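These are the structures, in structure tokens.
Each of the next two complexes has subunit A plus one other chain: subunit B in the first, subunit C in the second.
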Partner chain A sequence: MTTRDLVFVVVGTITAVSALLAVTTRHVVHAALWLLVSLGSLAGCYLVLGQELVGLVQLLVYVGAIVVLVLFALMLTRAPIGPQSEISTPAWQRALAVVLGGATSALLAALLLPLLASAQVDLDRPETGTTQIAQAVFGTWVWPFELLSVLLLVALIGAFAVSRLVLHREGEAA
Partner chain B sequence: MTAVAPAAFQQSNVDYVAILPMLIVASAALVGVLVEAFAPRRRRHVIQVSLAVVGLLAAFAAVVWVAVDPNKVGHKGLTMGFTDGTTNHSVFALAIDGPALFMQGSIVLMGVLGILTMAERFGGVGPDAFTPSGASTPGSASESAAARAGALTSEVFPLTMFAIFGMMIFPTTNDLIGMFVALEVLSLPLYILSGLARRRRLLSQEASLKYFLLGAFSSAFFLFGTALLYGYAGSVYFGDLSKAVATGPLAMNGLLLPGAFLVFVGLLFKVGAVPFHAWTPDVYQGAPTPVTGFMAACTKAAAFGAILRLAYVGLDTARWEWTNAVVIVAILTMVVGSVLSVTQTDMKRLLAYSSIAHAGFILVGVLAFDRKGVGAVLFYLVAYGFSTIAAFGIVSLVRQNGGEATHLSQWAGLGKRYPLTAGAFAFLMLAFAGIPLTSGFVSKFGVFSAAIGTGGATGTTLAVIGVVCSAITVFVYARVIVLMFFSDAPDDAVEVVTPSMATTFSIAIGTLITLALGVLPSSLLDLADRASQFVR
Partner chain C sequence: MSLSTAAYDIALSLPAGVTGLAPANDNPVADFSDTPWWVALIKAVGVFVYLLLSTLLVIWFERRVIGRMQQRPGPNRNGPFGLLQTLADGMKSMLKEDITPANADRIVYTTAPLIAATMAFVSFAIIPLGGTVSIFGHETPLQITDVPVAVLLVLAVASVGVYGIVLAGWSSGSTYPLLGGLRSTAQVISYEIAMGLSLVAIFLYSGSMSTSQIVAAQSSLWYILPAFFSFAVYVITMVGETNRLPFDLAEGEGELTGGFHTEYSAMRFAMFYLGEYVNMFTVSALATTMFLGGWQAPPFIAAIGDGALNGGWWGLLWFTIKLWMFMFFFVWLRGSLPRVRYDQFMRFGWRFLIPITLAWVVAVAFIRGAQLGFLGQGTFTIGGRELSVATVVIVSIVAVIALAAAWIWDDKRAEREAAAEFNPPEEIDPFEGGFPVPPLPGQRLREPSGLAVGSGAASREPVTSSVTSTLTSSPVKEETHG
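Right, the complex of A and B next:
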């Protein structure tokens, strides 16, 4: 076992455990913070595997944008952040979720582990580096890449269309 | 670190004429966003509607130009990509071929009718079907403040244009990633539009949330399947996928079946096939009625276009792996859709279950695995689309106390008081049932005969089940007709409000096309048949 394997096992365990904690904790803010840990250490996994660009994009997009968005949403909606007994899920739903999640993981593991257990990749000489990814994005994938900007614009307009608020003027009855 | 020397950057070859229809729709949508920002509120509605309609008609003209190709330039074929000089491996993002152009043309035309029904104002300032403040709590002070301040929801027109843009790309993409992005571009506006109904707000918000959550799940399935298929073939292009399956078992053979299965789940969700149909009745009922009609017609057309491409170009060589699963889905869809439509008491839910059953009939045509089957599916999508837009247009006119009266009992005796409206609706019901002299008969005959002709024993079984299910749905539609014409109106009778020219036009065109395709179907059948060849 090389140092790299060891680091990967450690970072991977942190990712998995914090992901579990994110879905099991009863505090919304705790869930968001565990999600932050999980996504951040997933970026670590990519770095260990020699894909620094993917790792950095993971950090920027998920840790930088999405988790911050979750925290902002919590702040702006003034949602109660403590555990809420009246809206907590019933026990049978939790059990069902555990069974479904476990079954999906088992199925994927049964499928992927035998296939990929013996696969060998030379991490010191990765086949695809940042240059190749850049060429692919701006060469063959330029069309989906441009489409994504349309998608973001649609999301923006949709947010405006849904959340338009007409504020009351001073002295006007509600 | 990077030991592999980077090859010289190769630019994509783009045939701009071939993608002109999509560019026109996208730019009309972008201009619509600017109109939203700069045009005065009084004029905004008229500008938005005319911009959208003109853009769509121009896009249709462009589609015809590409398809007819008067200068013999040869716009059809693969575009948006290049052939690698060293490996002779071609990677192209878009396939401009018969089915793609046919789908683009029909989606654009159905989009025009959809926009015209959405534009209905009934004398108000903004579109009547949409609420000015979607996120506020139903019945709250901020909602009534928004209504009093005269806020409009004219954003729905650019959003619809973006949805049409995504729908045009969906059946045109030549790879799984492009298909995924198109799926998102077409879905996101629909999630928002279905939450903006002016009346019965809670139902609408519930519909929007349900559609969004289930849609997000199905997108995740699609993406996961894409990842598995990439692991299998080492490429997401349909041509490479088909070749990888044909050249024989690879090391990653175990990934093919789950990958194909997950990708199909994502696509079958969009057409509302059983068991991925749970969202359909709720969303069809909760969404603003013109949006429901638009969704039922155009989303179905786009998604079936994508299913056709995946089944005939990408995974055609792996057919024995996934056909049985899709056959079971088709049978379930026909049976569940038609049986459950019998028990419905709400007009919009009834039409939703009817659309599920129709998705099953169309799947029978997909499973014929023949050019004839492709042609029949293309014809079916156009025939069903125009009928369903007209039907939902009529549903939006039948009102009581200002709101839509969608409960079946409220439609009793409508035929005696409004014979023209009820007559048109009854005719559309006959078309859904597949009675001769309507487009429904021709399209059902097309898919079933294709299934019997080339589908083998499975195809014949499917066609028999399809005919039995059609017979069940005849009962449902006949009950609506009997209710409208042969029962007495209740005391608090509903009224049919008089729509504007735009809505009248789109209902009339939808009904006339249903009639025309039933009486003289040959020209469109011929066109669909000639358009049924995929490019690889």
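Right, the complex of A and C next:
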């Protein structure tokens, strides 16, 4: 076991444990913060694997934008300090969540482990740098990439439309 | 399937055609092969000490300069010229009582100032402070480390640093800090977008995100000239990013009694203070590296003695001078400008800075494409200088579009101003609305003639009736406003 393996195991464990804590804690804001730790240490996993670009983009997008937005929405609405009993879910939902989560993990493991178990990458001289990622995203995968951005745009406009519709109805009622 | 493979072929063949013109690769030029771990440690400690000393100095500098701008002496009691004032303040904050509010979320409340203070230091690891020097017999660049995506690291660390403010605001368990935290969240998210976009132009010009490569690419021309617009946008966003006046809306001591750090005291408060000043140094250092040629000597000094003053330890001097120019700018801004209103600040960020920076990035992409020969290789000669046809055409198109946009915008503004212009009537009845109103400039007061002079019941009648009518109508008016 090399140092790199050890670091990867440690960072990976932090990622998994904080992800679990994010869904089990009763503090709303703490859940967001555990999600933050999980996404941040996932960026650490990428860094250990020698992919600086992916790691930093992960940090920039998820930690720097998405979780900040989640916190922002929480603080705009309700972000009490201390545990909240009313957000706890019934037992059958928790059991179902555990089963579904476990099944998804098992499926992914069953699919990916045989596929990539024999792959060998020299992490000290990584072959995929910024240029290769750019060529993949804007060359080979340019159509799925553009399609995804259109999807996000549609979601954005949809969100606007929904919020305007709600306002409109309230105006009519008044 | 065939479409995507064709696109891939094009993408592969394009860079191959222009490698001679484009900067060769995006890898750092700084060579760390002769840097053992203990030299790297020495450099890291050196940067830490450099930043702490600079912070001690800049707080004194700021108070003295602001004092001079406001025609008062500033701190001048501790040490020569009051130089030890910051040290005294630091000692004081260590000895003060450290208060934790009863409602606070204790762990987060303690972590927040630590995040704010430590994250400010991290980004400095990739800033090149000087050329290659010899430390204890090892040839090493005056920079802790460099990676092909170094500038992204600064942006990522800045986005983590904002959690210090957000969490401090939330965990205090108090209203003003929460409002400050909310404001800073919105502020930093929106200004980070414009900041990242303004740096894209530099990536396009240098062909790299590695700081040492960007500095090396500026050896003949600092990017402040070809990317002047990016520089302007970056300077605006860096003030927004560091929560400094005129953009210190997260603190807003007049409105939020200190904002996110209202409940903090003693050393935890000092942590925020330290973080803020180190952050100023970090964004200034990035501006120096990206736009002002980093550690390289200014053009005329660089020519002295065949570049004898342009490299090695001399780089540290030029870097420090450029850094302190930005520091003076920060202080100058604080001394001259009032705080902007929050909605104006957000509108400026989202509706002006981001769209116009996007347009600028597209323009720079076209200019760079023309320079690298993507749009044809034709050239022509004017006054002995060979110019590329494509570059000239693209630059003139961009200039025409910019001029037209500025013209239309100016026209619209003039129209709006004309529409908003309100000509007050020449005479004013000061009691018309039911309460006394002073006249506007150039207005004549209409004397309340009937009451004092007593010229008859006929003239008294309208005055009283108008007062009663406004009295009865005023609740209705308020309702429509509310």
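Structure notes:
The working rule: the second predicted complex is superposed on the first by the 124 of 174 C-alpha atoms of A that agree within 3 Å, B and C clash if a C-alpha of one lies under 4 Å from a C-alpha of the other, contacts with A are read in each partner's own complex, and residues count from 1 in each chain.
Definition applied: a contact is a pair of C-beta atoms (placed from the backbone, for glycine too) under 8 Å apart; a residue touches a chain by one contact, two chains touch by 3 or more.
Source: prediction; values computed, not measured.
In the superposition on chain A, A:V29 makes contact with subunit C only, not with subunit B.
In the superposition on chain A, A:V162 makes contact with subunit B only, not with subunit C.
By the touch criterion stated above, A:V142 is placed in contact with subunit B and with subunit C alike. Of the two partner chains placed by superposition, only subunit C is touched by A:M75; subunit B is not.
By the touch criterion stated above, A:V57 is placed in contact with subunit C alone, subunit B being left untouched. In the superposition on chain A, A:E86 contacts neither subunit B nor subunit C.
Residue overlap on subunit A between the subunit B contacts of one complex and the subunit C contacts of the other covers 129-131, 135, 138-143. Every residue of subunit A that touches subunit C in the complex is listed here, in rising order: 29, 33, 36, 40, 52-53, 56-57, 59-60, 63-65, 68-69, 71-72, 75-76, 79, 81-82, 129-131, 135, 138-143.
Every residue of subunit A that touches subunit B in the complex is listed here, in rising order: 50, 111, 114-115, 124-127, 129-132, 135, 138-144, 147-148, 150-151, 153-155, 157-158, 160-168, 174.
Those residues of subunit C that touch subunit A in the shared complex are 3-5, 7-8, 10-12, 15, 25-27, 103-105, 108, 147-149, 152-153, 155-156, 158-160, 162-163, 166-167, 169-171, 173, 178, 181-182, 185-186, 188-189, 192, 209. The residues of subunit B lying in touch with subunit A in their complex are 1-4, 6-7, 9-12, 26, 30, 33, 36, 80-82, 91, 93-94, 132-136, 141-142, 145-146, 149, 151, 153, 155-156, 158-159, 162, 165, 169, 177-178, 181-182, 184-185, 188-189, 191-192, 195-196, 251-252, 254-255, 258.
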